[in-house]
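Letters A, B and C name the chains as they come in the text, with residue numbers starting at 1 for each one.
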Amino acid sequence: MRPPKRLRRRLKSAVLLGLCGIAVLLMLVPLASILYACFVNGAGAITPDFFLKNPPPPCNPAAGAPCPVGGVQDAILGTLLLVGLASLIALPVGILAGIYLSEFEDRPLARPARFLADVMTGIPSIVIGVFVFGIFYSFAEAGWISPFSVISGYTGAVALAVIMIPVVARTCEEALRLVPTSIREASLALGIPRHRTILRIVLSAARGGVITGSLLAVARAGGETAPLLLTAGFTTGSIFGLSGWTPSLPVMIYEFASANYPNTTQLAWGAALVLVLMMLLISVGARLALRNRFGGRVA
Amino acid sequence: MTDNKLVVQNLHAWYGKTHAVQDISLSFPDKQATAIIGPSGCGKSTFIRCLNRIHETQPKARAEGKVLLDGQDVYQEDPTEIRRKIGMVFQRPNVFPTMSIYGNVAAGLKLHGGYSQDEIDSAVIESLKKSALWEEVKEKLDESALQLSGGQQQRLCIARALAVQPEVLLMDEPASALDPISTARIEDLIFDLKNQVPVVIVTHNMQQAARVADRTAFLYLGKLIEVAPTRDLFERPSEKLTESYITGRFG
Amino acid sequence: MGEAPVGSGAGADARPGPPGVPPATTSPLARGAARRLRARAADLAFGWVALAAAGALVVLPVLLVIVLAQNSWMSLVRFGPGFLFGRTWDPNLAPITFGAVPFVAGTIETSVIALLIGVPLSLGAAVFLAELAPDWLRAPVASVVDLLAAVPSVVFGLWGLYVLVPFMRTSVDPFLVKYFGWSPIFAGHAGSQSGQSILTASIILAVMILPTISSVSREALRATPDSQREAALSLGATRWEATRLGPLAYARSGIFGAAVLGLGRAMGETMAVTMTIGNSNRVATSLLDPGQTLSSLIAINFGNALALELSALVELGLILMALSLLVNVVARLMLRSITRLGGSTA
């Protein structure tokens, strides 16, 4: 009875392990398909106009009359402004919070703050959108801002910042923790006061991880759609700053995809291509930077 | 003169570029315990792991040479079959944490299949008795293996290895992680076991080798320096190197 | 000590000033004391600033719950616990009726099916990367898998809408209806022929959570000591059996935690689901029916809603938050033994 059973076991082993390899290939299919679709459908939209013009009115191609294609200039501008303001708020707060979690971890606030930061990273971004909308809505109800300002670039930037802060805080904390204690002790032993030890010496030693973590958080904010849909609105016209409805690339992709007019759909694919390439670049860059820093596997 | 159960001929082993085992030829007689001693890094663990072909499962590990079990070269056979015939007990107890005590001992039998429930039950009981663990666990076979002490877990590992009825038992420093009482128990075990199954035991503890082994081999930097009946090796070593090691000059 | 009295004229440690003005007189020691005092003050101030920043981490979630509760108050009061069991969502009905059931059902259905599809694939990939892949293949493949995590949700939605949905409509759905339409979960109902369905949304969700489950599982598998696998091998196990007895068993709770983490991610996903689920506010009985999740309904209706409907949508947000909170806390409890989760999983 033994030999046939052994053959079956070996066969089973080979098959199952082969399936694992196939699983990996299967995972790559969607990624390849997405990249391919973005290139094929969107590359045609990447013309100088893409960056210089705004979206055209929706139109159905009539016989012999092609629809204007236009560009996504203000959506790009909107994204840059939104993410810029959000980062301006979230990076200092997040990094300082990360410093607290790492350097002051024996204080009573540290553990609840860390726990709640982890909790926050798990909250769906649309709920954050509802939350920030609610805050500004209350401001309008209290008469502090006009009801027309509830949905604006400022609201959107705050929403993105709220999403970014816990992420930045935790990655910054992790980066700081990797700095050996002996460095802190050496600095303090030289008489350097604590705040300067942390800001100049420890933070500097951890700057690779901090920068990478911040970059990834910023990139992630650039790709967020749902909260901006609720808080920043959308427009195809020009914007002059963050007051009023502020377009962004992700929201634009959504709006045009749903509207389904051929010319704006192509713009959506073009924007998707740009977004994906940027996200991939930043991701790969961050990964390489981390690996070089630690000389080994990252994850 | 007992037959040689296991014969090693010109064994070489590498970890990447490191030539850990260099041209070792050694025989292991039946019904005897053979100890392998030597300083850290001399290749004794690598050597023993080549006997049941565990060595090659590590990345970048390679072996060459012949290991004859009853005349058959294990490197020409199916490794899973070889590993059933040549059992191994590791340095640290490595019970399966998600299984019960019963489950651990039965694991090997269940893998190979073809045994009835009764056959498995009696094999488990017998192995636990052979490894002197039965009395302590007979009331709690279904409980987790993790609640046992270190010494008990190691005896469980021995029972697990014995359950598949190996023809040789390899032990890689089996007592080095244990307290003296557990160590003594395991040494007693080896004394009993060697009448049923030839035992090859790697140890860095010379007194242990002196206590349990019929023959002892001394390895140094990947080479076999000397092998002899235990008393002869310790009292009248023929190599200078052996003498230096035994008298504690290094290692 | 050593402090020259004011106006005493030039001493060794008095700084020269403009003629006619008494020299400034601080000794190095006094200067040092002042500097130390300033340093301590700065340290204290810095500590407060950092505390305030960390305070934000605590204040934000608390504020979140308060704001959500406040804004859903109207709906909470109006519908009470019945909201959780209501199956109708219609602002045009008289009386206005809002209920959460179709959307909770949609969220749970899509997430669970995403898990059913995603876990075997992720686990297979994790096993491949942790146990099988040769060293040179490991890092590049792992990176490529993690690239999936970098694709924004809305791009998944775009691809879903224009590539996957037509594919489902033309190839997969008819096949399923033909061979499995006899069972209620694959029944083809009228109005479910567009390719936008629970199943399509679940497939996209599965793809989106693959990197999460796979990377956390891989960490769990790698944390298994080699001796576990070797113990199995030494009993005569085949390579697969050794993987099963060794790393897969040892890392059980980690793998489970990874799956639960993936569940949490899937539940919170909005854009990709919104664009592929068909947006129908009824409970879907067949996988091929269109449906709606908590997040997709909020995304679609929030901009146009007023008063009671807005309040009801916020209440849905509250429910969504509670659900994903529960799942995430459970996941983190399971994954306590495996350290690095951080905020770096995007």
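Criterion: contacts are C-beta pairs under 8 Å (C-beta built on N, C-alpha and C of every residue); 3 or more make two chains touch, one makes a residue touch a chain.
What you are looking at is a predicted structure, and each value in this text was computed from that prediction instead of being measured.
Shared contact partners of chain A and chain B, listed by label: C. The most distant chain from chain C, with centres taken as the mean of CA atoms, is B.
By count of C-beta pairs in contact, A-C exceeds the other of the chain pairs A-C and B-C. Distance from the chain A centre to the chain B centre is 54 Å, each centre being the mean of its Cα atoms. Distance between chain centres (mean CA atoms), chain A to chain C: 12 Å.
Centre-to-centre spacing of chain B and chain C amounts to 48 Å, using the average Cα coordinate of each chain. Each of residues 238, 241 in chain C touches at least two other chains.
Within chain A, the positions touching two or more other chains are listed as 9-10. Across the assembly, chain B contributes 80-81, 111-112 as residues in contact with two or more other chains. By the touch criterion given at the top, residues 39-40, 42-43, 45-47, 49-58, 60-61, 63-64, 67-68, 70-71, 120-125, 127-129, 132, 138-139, 141-159, 161-163, 207, 210, 214-215, 218-219, 238-241, 243, 264, 267-271, 274-275, 295, 298-299, 302-303, 313-314, 317, 320-321, 324-325, 328-329, 332, 340-344, 346 of chain C touch chain A in their complex. Every residue of chain A that touches chain B in the complex is listed here, in rising order: 1-2, 5-6, 9-10. Per the touch definition, chain A reaches chain C in the complex via residues 9-10, 12-14, 16-17, 19-24, 26-28, 30-31, 33-34, 37-38, 41, 92-97, 99-101, 103-104, 107, 109-110, 112-114, 116-131, 133-135, 137-138, 162, 165-171, 174, 193-196, 198-199, 213, 216-217, 219-220, 223-226, 229-230, 233, 250-251, 253-254, 257-258, 265, 268-269, 272, 275-276, 279-280, 282-284, 287, 297, 299. On the chain B side of its complex with chain A, the touching residues are 78, 80-81, 111-114.
On the side of chain B, the complex with chain C involves touching residues 52, 54, 57-59, 80-85, 87-88, 90, 92, 94-99, 107-108, 111-112, 157, 160-161, 164.
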